[in-house]
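Before any comments, here is the structure.
Order as written gives the chain letters A, B and C; numbering starts at 1 within each chain.
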Amino acid sequence: MTITLLRRLGPPLLGGVVALGLTPPSNAAEELRIGYVAPTTGIFAQVGKDMVDGFQLYLDDVNSDFGGAKVKFIVEDEQAKPDTAVTRAKKLILQDKVHMLVGGLLASSGYALAPVSTADKTVYVVPVSAADDLTQRDLAKYPYMVRTGWSSSQPSHPFGQWACDQGYKKIVAVGADYAFGYEVIGGFQRAFEACGGQIIQKIWPPIGTKDFGPYIPTIRQDADAIFTLMVGPMSLQFPKQLAASGNKKPVIGGGTSYDEFVLPSMGDEVIGHVSALQYSAALETPKNEAFVKKYRAKYGKVPSYYSETNYTTAQMIHEVIKNNKGNFPGAEEFVKQLATLKLDTIRGPVTIDEMRNPVQNIYIKKVEKKKMFGYDKEELWNTVIKTYPNVSQFGQFKKDEFLKQPVYSRDFPPCKFCN
Amino acid sequence: MKSQHIKVLIVVVALAAIAIIIPNTNSFVILLATRALAFSILVMSLDILLGYTGLPSLGQAAYLGVGAYLTAILATRYQFGLGYDFWLVVVLGILFAAALAAIFGLLAIRATGVYFLMITLALGQCAWGLAYRWNSLTGGDNGINLRARPKFGIDLANEVTFFYLVFFLFAVSLLLMYTLVRSPFGRSLAGIRERELRMKILGYNTWLHKYIAFIIAGGFGGLAGVLWAHTAGIVSPENVVLTTSVDALLMAVLGGAGTLVGGVIGAFIVFGLREYLSTLVPWWQYALGAVYVLTILYLPTGLMGIPERLRQRRAATANREDVKKMAPVTS
Amino acid sequence: MNTQFWLTQAFNGISYGALLFLVGSGLSLIFGVMRIVNLSHGSYFLLGGYVALSVIWTTGSWLLAIPVAALTIAAVGVAMERVFLRPLGFDPLRQVLLTVGFAFLFQQAALDIWTGNNFDINPPDALTKSIVVGGLYLPLYRIFMIGTALAIGLVLWLVMEKTRMGAAVRATVDDAQMARGVGIDTSRISMLIFALGAFLAALGGVIGGAFLGIYPGLDFEMLPIAFAVVIIGGMGSLGGAAIGALVVGLADNFGKALFPEVSYFTLYAPMALILAVKPTGLFGRE
């Protein structure tokens, strides 16, 4: 009897099973191809690695699943050369058919990739490249670009106000001689002088300077404090040499001077130095603590802002895709949605302004030696001593006036009090 | 001179093959080929100095830089060079680069061998310093962004069209340089490379010959720069950095110095390894380094020298056979 | 600009010159004896620093790191000379290119072994202080660099001038063929000198590392500087290297301090000018 039953039910059952197999699932999961451009070889390889690691950590956290879409993460090496960045981007767009480009380290890479995004009508998300004008005076040229990181002068504007509040009246600025240096210091100078301070001297050691011997003795003695903007190896050497020269003045600086990328290799000479950035690994929030612990366990180092900004960028992309039920809504729509996103991230609440740059907290952080997050060794951390909420790229200044003035450069703002 | 005709034929066929095959591959390959061709012009210009005159220059990137920056500045600041005036920019690029070579040459030509290497390195670094520091003109480390490719009846924004343009200028350069090296002037350059003293005794003004060669090489470097600017769409001090000059030198030696096309082969191989292999495997740098080292050790005349070496080896073996046949038989 | 300023700048320039001597002397010797232009010299410098870091990380001893790093890199130098450079014979262009090829390989290997993070070599605490002399802050580490350079310079000079080995080296520099004619084993001398050159470079890396940091790219940054020293001082001349180092150190320092606008040219412009006038360098002989 059973056999006859099976024979009767068999075909419809089989048919049903086959039919189920052939029917596509109700929410068609797209593959989301993200093309990532970073220097993975060459002298910036470690920074590139931190960038990729940050993004990858987020992907691991959500199993590469963005609201139903399966993420294909393709990383290409730009070797920190703008033309290589362009070639790689083209490869990602033309050959791998990515839905969006993410990445770029240096300002020149950002300026190289942005036009590619316009020409090929591809989304370009910028987590690191901080060149001010990308989202200021040049914005109209790049309708497919959204910045999720920061602009160079963004932290400097509130920092200038903070410096006035400390009672500093005269400050000497020592910064790396390139556009990033000009923008960080320029923003600080404008803000500091707007509340009554004076920048009395600007010194620009060339990029790659290791011996600051020629420059340190020229620092004016009547300064109340020294503002430094250093990157990479320069960040390590300048404070040491400054201390060895007998400097007793307080030292403050741009975020990259003391960022966690270089902090582990620094010594006690930087204790007490204050800087400003939209992130500190010592941010005492549960979200950040979890992130730092997870990152450190996986990669063996405390995350720098390069890692955090990429993690957060991945999170933001995820949010937009999730809102589209796992589908990529097309380049224009994606840009529109990303540009109107409000999200609570590791670095705090982030929204994007109408010029497609983040509006976020800026943390004033001071280097301290202590134990944090349950680690048993005393280490250097950037303790947050003040938070300025909702800081946009224009800071305390009005957007229209701001844009009428030229971009910060070596000679702008002019050094009125230098003589 | 039959073998010479055969060589020319092979080159022509190879060029035709490139012109026909490349545009039918995907856009990425076309882009790479375009870049390799543009850079090859620089490598060939270096070969004139290195392979034919015996002057190893570590500063050719400076001329690439002049051509590239000139193009970029004219395009962005003066809206010049985006139409038929593109051809004017080409001419200007060559002239300005040649002018720089004329100045640098005055300082460099007296030196030879290693010292020439050093002084061209120093001059190249000065050019880099200038590109980096002269912010108001060059945009400093931000570089200059060329927004669009020229349009004059044809739209160079189209990758295939641009490829043909670069290919055309490359072929013209190759032809001109080939004519140069086979001319009496070119022959005297080779003579200087072999035995400068002898040439001087014979009454040649070797300094002038070298100086002119230097200027010509600079001019072609400028042409390469103009094309390079439009290939990537961005010009930055990275184009003038020391490793660019080193690259050109290595490509010339890899392919075979003194053969002109050797440099082109070298360029394609290095670009292929760097751009293509690097997308496949992470250890491509070792592969590239190994290629350099092995070539220098075992193929001193480069890849183009392989047929000659094979021929020599065959001749040597034949010789040995002959000698054996001639050897008296002791009984 | 008071006397304090001038004295501090002079002191800084001299200490920088001391470091340059450590870097440049090895290169000068190698060229003088073997006519090899060693473009891996910067790599030896950097690798010396990296090896020192590894020693410090495992044993905690900075003192031990110095000889270990220098000797390791000397060994690397010997290997490179015997296996790769010797077969090339006298062919300056190919030597240059071979050493460049190796420089790229070394750079990648260093990245793979030690990662690309920026490191600092930390000398013993005692050396990180500064002494105050008449209102001038003199960092002890700079004094240490000057002292080391002087010591090494002295030892080298004594060996070159006062020992038979040194005489053999000088003979080889002057005329290798004649030296062989009188029975000097020039190939052994070459190997020795190459090892010594690498040793000095690595030493420079360890000592300089505490001053400059250790990071990817340092190799190619130090290379032109080493060449500037050798060119200005003359290839093959130890005394020339010392003077070249001092000149470069002071010129670079004062140039940057007084005319910051030309910071990028303080090194290369003098180099180009000197070569234009005297292609073998100030003290070189050809």
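Basically, a contact is a pair of C-beta atoms (placed from the backbone, for glycine too) under 8 Å apart; a residue touches a chain by one contact, two chains touch by 3 or more.
These numbers come from a predicted model, not from an experiment.
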Topology of the chain contact graph, where touching chains are joined (line, ring, star, complete, other): complete
Which of A-C and A-B has more C-beta contact pairs: A-C
Whole-Å separation of chain centres (CA-atom averages), subunit B against subunit C: 32
Centre-of-Cα separation between subunit C and subunit A, whole angstrom: 38
Multi-chain contact residues (two or more partners), subunit A: 41, 177, 206
Of all residues in subunit B, the ones touching two or more other chains: 132-133, 285
Residue list for subunit C, restricted to those that touch at least two other chains: 108, 263-264
In the complex with subunit B, residue positions of subunit A that touch it: 40-41, 76-77, 80-84, 86-87, 90-91, 94-95, 106-108, 111-112, 114-116, 119, 131, 141, 177-179, 206-207, 409-410
Subunit A contact footprint on subunit B (complex, rising order): 26-28, 31-32, 35, 132-133, 135, 140-143, 145, 147, 157, 228, 231-234, 236, 238-239, 275, 278-279, 282, 285
Residue ranges of subunit C touching subunit B (in the complex, touch as defined): 31, 35, 37, 84, 87-88, 91-94, 96-98, 100-102, 104-105, 107-109, 220, 224, 227-228, 231, 235, 261, 263-265, 267-269, 271-273, 275-276, 279-280
Subunit C partner contacts - residues on subunit B that touch it in the complex: 50, 56, 106-108, 110-115, 117-119, 121-123, 125-126, 128-130, 132-133, 242-243, 246, 249-250, 253, 285-286, 288-290, 292-293, 296-297, 300
Parts of subunit A lying in touch with subunit C, wherever the complex brings them together: 41-47, 49, 177, 203-206, 208, 210-211, 213-215, 217-218, 232-233, 235-237, 240-241, 244-246, 261-262, 264-267, 301
